[in-house]
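Each in structure tokens, the structures are laid out below.
Shared between the two complexes below is chain A, which has chain B as its partner in the first and chain C in the second.
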Partner chain A sequence: MASTIRVRAISNGDTTEVQALVQHPMDTGLVKDAQGQTIPPHFIQQLTFEHNGKKVFLANWGPAVSKDPYVKFAFKGANKGDEIKISWVDNKGANDATTAKIQ
Partner chain B sequence: MTMRLPIRLASVALALAVVALAGLSARAADTPDPVADAKAFQKFFKDRFPNLKPEDFVNGPYSMNEDLHRQWEEKEQFPPYEFALEAGKEMFAKPFKNGKTYADCFPSGGIGIRQNYPYFDEKEGKVITLELALNRCREANGEAPLSYVKDDMASLTAYMAYTSRGKPMDIKIPNDPRALEAYENGKRYFYTRRGQLNFSCATCHVQSPGERIRAEILAPALGILNAMPIYRSEWSGMGTTSRRFTTCNSQIRGVPLSPQDDDYRDLEYFLSYVSNGLPISGPGARP
Partner chain C sequence: MTIVHSIPATRRLILQGAGSVALFGLGGILFAAPATAAANDKYPEEAFKQKSDADAIKALYGKPHEASDKVKLDAPEIAENGAVVPVSVTTTLSDVTSIAFFVSENPNALAASYQIPAGTTPSVANRLKMAKTCNVIAIVESSGKLYSATKEVKVTVGGCGG
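So, the complex of A and B:
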């Protein structure tokens, strides 16, 4: 299966702007399906962006975050061509990770 | 009195002229003229939004105001329909149990043909939409049909629309009275008021594009189907033309028809025809 993470990291000289889109149902545990059964909670708990082994962005998420979440942030100290690593872990222990080159 | 005579004569002449004109236009309205309709339809929107280029209309509410347009530009760098597009591409290529694929059911292998749908099938005497053709293709190959409103169907049409991006909508009305009747029926559906709110499609999408309905900016009817299927943030997912039609109908507190009902297909036929020449921009993203 293709990665659940899409990343774009663009360097603007001093700062690097990172955008990411993660495919995840982000079920709150409060919604029922068409049969009236509660859909169990299933959401990303931690999303991490690392640059050279150093965490540059860490998000502790809960069920309030929307389905297929989108994140955008900027950080200093990276160069073009550097790699950033993105990973997430959800409440069921599932995880995914990917890397992207800074453009 | 002598002074008044010319005036009176003039007014009689004017009245006669009005009667004659009314007679003419009544006759014109009797025979459907899709070509003139499409021209008038497109002119209406161009006059109303003189600053917009024709191809801007396919971006719906995003071309209606500058603020939204900026949001859209940013969104397009990272389109929310990307996952559906990828899933659609995979599904489209994956063979059925009998070894055939979707490509076998469509002209040009299903690539770059979105602009020709819906078309009028002269054998069957009905309008065939892309969604209907996809499900017929599945059934012909022994597969269960997909839901018309979202998920797999939306992903498939998203991929097919994507391969046709930029191609001008090209709907033809063959020389067949039934085709003209389907067009007329679609037009009638578009302009007929219904539901508890007593809205027609045109109330929102012809009379008030760019205005707000609650928190939403209304899209112009011109080019509205060129962007289908769409990812709607409100739905947090993809939806097809069928989904758009049925939810529109329930939002005006009417009773929606079943997806791909004859009337909806005729409506799609009419609405696509009057947008002829505008580029396909699907899959689209909407607030």
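So, the complex of A and C:
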């Protein structure tokens, strides 16, 4: 299966701008389905970005983050062609990881 | 006589000593716990469980925050769809270690908290769910102090399923 994470990292000279889009339902545990059954909470808790083994960004998320979450940030000290590693873990213990080349 | 007097005196001293040690110990735990919660990598479970924004800020950081015009919170005036509200924050403050977003009227106020290691620009954009019209609060931790920006977002359709 294709990765749940889509990343675009663009080097802008000194800084690298990273945009990430993760496919995830981000269920709050407050919504009922068509049968009136509560959909249990299911959301990403932590999303980590690493460059050369060093953590450059860590997101702690609650269920109030929108479905298929999007995040954008920028960091210094990376070059074009470097790889960044992205990984997430959700409240059910599921996880996924991917790497992206800085363009 | 002197011996009789000295015994209660030492006992009192010991008791006083024990009392102050106990107080110190308790104080240390109370103050240390919230401060480390925001700094380490652990998922701040307790802060995400708090209902009100004030309680969530207390659970996450454990210290007061002040409004600052150096924190720029960008959110729409009116959000048509509460399920997807684009919110971003940038700041000119230096030495930023974390940024957090709170939605005051959500069932749990804390929406997201980000760790900003050294070398990372203190600027984050994301998309949040909002239950109804209310304030979005962004808190930036800079040099150990908390600075905040607040903006009211009008929500036409709530994002909590309803």
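Criterion: the second predicted complex is superposed on the first by the 103 of 103 C-alpha atoms of A that agree within 3 Å, B and C clash if a C-alpha of one lies under 4 Å from a C-alpha of the other, contacts with A are read in each partner's own complex, and residues count from 1 in each chain.
Here is the rule we use: contacts are C-beta pairs under 8 Å (C-beta built on N, C-alpha and C of every residue); 3 or more make two chains touch, one makes a residue touch a chain.
Being a predicted model, the structure only gives us computed values, none of them experimental.
S.K.: One more residue to check, A:R6. First (chain B), second (chain C), both or neither?
M.R.: The answer is first: A:R6 touches chain B but not chain C.
S.K.: May I ask you to name which of chain B and chain C touches more residues of chain A?
M.R.: Counting contacted residues of chain A, the larger count belongs to C.
S.K.: Between chain B (first) and chain C (second), which, if any, makes contact with A:P41: first, second, both or neither?
M.R.: neither
S.K.: Which partner does A:W61 reach: the first (chain B), the second (chain C), both, or neither?
M.R.: Once the two structures are laid over each other on A, A:W61 reaches chain C alone.
S.K.: So, does A:Q23 touch the first partner chain B, the second partner chain C, both, or neither?
M.R.: The answer is first: A:Q23 touches chain B but not chain C.
S.K.: Contact-wise, after the overlay, does A:F73 reach chain B, chain C, both or neither (first, second, both, neither)?
M.R.: second
S.K.: Could you give the residue numbers on chain A that contact chain B in one complex and chain C in the other?
M.R.: On chain A, the overlap between the chain B and chain C contacts is residues 66-67, 70.
S.K.: Which residues of chain C touch chain A in the complex?
M.R.: Residues in contact with chain A: 41, 43-44, 48, 83-85, 88, 103, 106-108, 110-117, 119-121, 123-130, 159-161.
S.K.: Show which residues of chain B lie in contact with chain A when the two form their complex.
M.R.: By the definition above, chain B touches chain A via 77-78, 80, 82-83, 86, 236-237.
S.K.: Hey, which residues of chain A end up touching chain B in the complex?
M.R.: Its residues touching chain B are 2, 6, 8, 19, 21, 23, 66-68, 70.
S.K.: Along chain A, where are the residues that touch chain C in the complex?
M.R.: It comes out as residues 15, 28, 30-32, 45-46, 54-67, 69-77.
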